[in-house]
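What follows is a set of notes on a single structure, which appears directly below.
Chain lettering (A, B, C and D) follows the sequence in which the chains are written, and residue indices restart at 1 in each chain.
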């Protein structure tokens, strides 16, 4: 990734993260909440290894992996959409954004099937410690995906109306940053909850 | 802060974030309401004495000195588990014998409760003592 | 002061300070009853003194918020208040209702009060902080609605700033959450669950919006820093408050019969609750350091900085101290809670109301700031009250730790009353510092009468 | 875009490969300390790629990079330590 790496590095003089700084304060706060949950997960798991290992087997790892692929893809599409708008290609940007949204919706659908399976089995927050964490973590994350998709939808509409350009796309960067945070959290969540034993 | 930190973005994030967490909190509230029947001994409310006892508890402002499940004033003993600590007869006799009048000691007023009110109050305290409080308090002393 | 109608704030501030004195007086009575149990018994039993202490606090803080809103909203909206007359009428109704309620508490036994105010028709009394007769609660709602109507009309016809937006959101939230004080199911668990929607969602929710807005307003005025900068901080702080504080309500749902997952969620989110308070401290100091002018009212600056520090200590640090469920299992309902309550209320809400009073009162009395002599006295009041509160908190924490040790952790737990005897020394120390607090309050109040006119 | 292949595409392929490997480790029933370290290492690399290239934190103020990379390292390190303690 040599030639286009310039796309992704900040233009000279830009020393702040992409997007509005306000979103970054929010991102850090959200990451802090997830960090506490992840840390507690590890600590509690260490005390109940057998329960966690046993319960982990009842999760649908394929669905989890598929969702990882979907979120990674969505994040990639959104990154391409931002790269496109930086070059002023708003048509391409809108197409990438739409693909990103599609992948995100796909995540919700897969997760929806996963949840309905679990809820039909009578599983809830108070089933046991593992499921407490499973539901708290994934549902909290699920809601973030919903919120992220709303933001992406808004970005898409604004792009289609010609609201962003090569000179003015701070809003898109702001929304994209939030979306990547949602992706980042899942990248940690999936191996931790679904795979590691 | 930098120019790329706009008030409008901060405001939108405030409104969006607030709505988001309100929804999360409401979802948790809904889930709690679904789970409560397993823990809150609501079957006992079929006995009208329990609700009547709660009125006696409230109308005499017991919470102004005591705690109930750890909430209230910290001037007098926890009463959420007093039924288990002392039993019904002691509770009634104790309330009737107040105040002790021992100089310098904390005093509880005499509330002139009728026998029915005492029975209702005991029914309420029994109900409170059987709520599943996740093993709180740590020991019977409250 | 730019608008005539801002003057309606004055009676609110004076009323607030009068009730503040009553609050502290009854606090001293209670403090003494902790060690001399039969003091004033049977004339003022502990529960009555406590009702006056806590309800006076709530009412005077509300009056302070209302005064602050009446002062701030016209100035921010750049137009006169919709109806100054309505504001004054509501003040007298509010004061009369508060006064009558206190008289009711003191004159007749609580059960009699419940009976004559018809509590059985709609039982809402006898729950901590919500002891007011139902009719008083309805009165509070009416006053709040008239107040909000008045301010919202002003807001709508004038300039809409972030500060007034946040302030009004906070005040509307305050009124709406108070409606849950009418929810009193027979089911004790549900009663407690929704009771916290008033108490927690007030002090760790919507009140923080009001706190942030007042602090932001005063900081704009005394530092001259760009409104743009301060408003961004304001939004960031209140966002952090609500995203931690809403699910943070869970730290009250550990042991009252609610599902046990609240122990995890409540611990995680409330562990983050110090963050907004820390941001507030940074905010206050940052803005004062970047000030573009030397405002003659140094006392107001001191109060604003004090709010930043003390709210972080009281609400942030002392809150965190016992918010994690494994710790709270032992500290729930002990003097640790009391310690946190005292410093958090003082550091966050008492101090922010005194900040706006310190800033606005001289202006309403026709001067930019009080004379140097008067400000020195006010700052003496600040230090006496603040340092006393730190020590009250430390002594209560000491009492709490010993109480937890003897009554909860020990393998041979002591009974409640036996434990209380063991910690009596801490209560004596607390009462002594309480007296110093009262002296500080007297010095503070005296500063209002100290030749303020020879001002700079 | 001159070249149809962007650096972002390479990152995407790397992320997919990492996911596939993690999935395979789970499917084949691997467990134990070595697997745990492999899984967390892959998660670390994937997270770092997302932070660096998608979130585009490469080259921004160190404080911001430290905060987000620090988050990733902290979460993974604590889970690794907890694993050693528990198993």
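By our rule, contacts are C-beta pairs under 8 Å (C-beta built on N, C-alpha and C of every residue); 3 or more make two chains touch, one makes a residue touch a chain.
Computed from a predicted model, the values in this text were never measured in an experiment.
Looking at contacts between chains, the pair that accounts for the most C-beta pairs is B-C.
Annotation: 14 Å between the Cα-based centres of chain A and chain D. Averaged Cα coordinates give chain B a centre that lies 23 Å from the centre of chain C.
Centroids of chain B and chain D (each the mean of its C-alpha atoms) stand 47 Å apart. Centres computed as Cα averages put chain A at a distance of 39 Å from chain C.
For chain A, residues that reach two or more other chains under the stated contact definition are 16, 22, 26, 32, 125-126. Looking at chain D, one finds that none of its residues touch two or more other chains. Counting only residues that touch two or more partner chains, chain C has 232, 235-236, 239, 243, 259-260, 265. With chains as nodes and touching pairs as edges, the resulting graph is of another kind, matching none of line, ring, star or complete. Each chain pair that touches appears in this list: A-B, A-C, A-D, B-C.
Residues 30, 33-34, 36-38, 41-42, 45-48, 50-51, 109-111, 114-115, 119-120, 123, 125-128, 131, 162, 165, 186-190, 192-193, 228-229, 231-232, 235-236, 238-239, 242-243, 246-247, 249-250, 253-260, 262-263, 265, 329-330, 332-335, 337-338, 407-409, 413-417, 420 of chain C are the ones that touch chain B when the two sit in their complex. Chain A contributes residues 1-5, 7-10, 14-18, 24, 27-28, 31-32, 34-35, 38-39, 41-43, 45-47, 49, 53, 61-62, 65, 68-69, 72-73, 75-76, 78-80, 82-84, 87, 89, 92, 177, 180-181, 183-184, 187-188, 190-192, 194-197 to its touches with chain D in the complex. Chain contact summary for the complex, chain A toward chain B: residues 16, 19-23, 26, 124-126, 139-140, 143, 147, 151, 170-171, 174.
Interface of chain D with chain A (complex): residues 1-3, 5-12, 15-16, 19-20, 22-23, 25-27, 31, 35-36, 39-40, 42-43, 46-47, 50-51, 53-61, 64, 67-68, 71-72, 74-76, 78-79, 81-83, 85-87.
Interface residues of chain C facing chain A in the complex, by the touch rule stated above, are 232, 235-236, 239-240, 243-244, 259-261, 264-265, 267-269, 271-272, 275.
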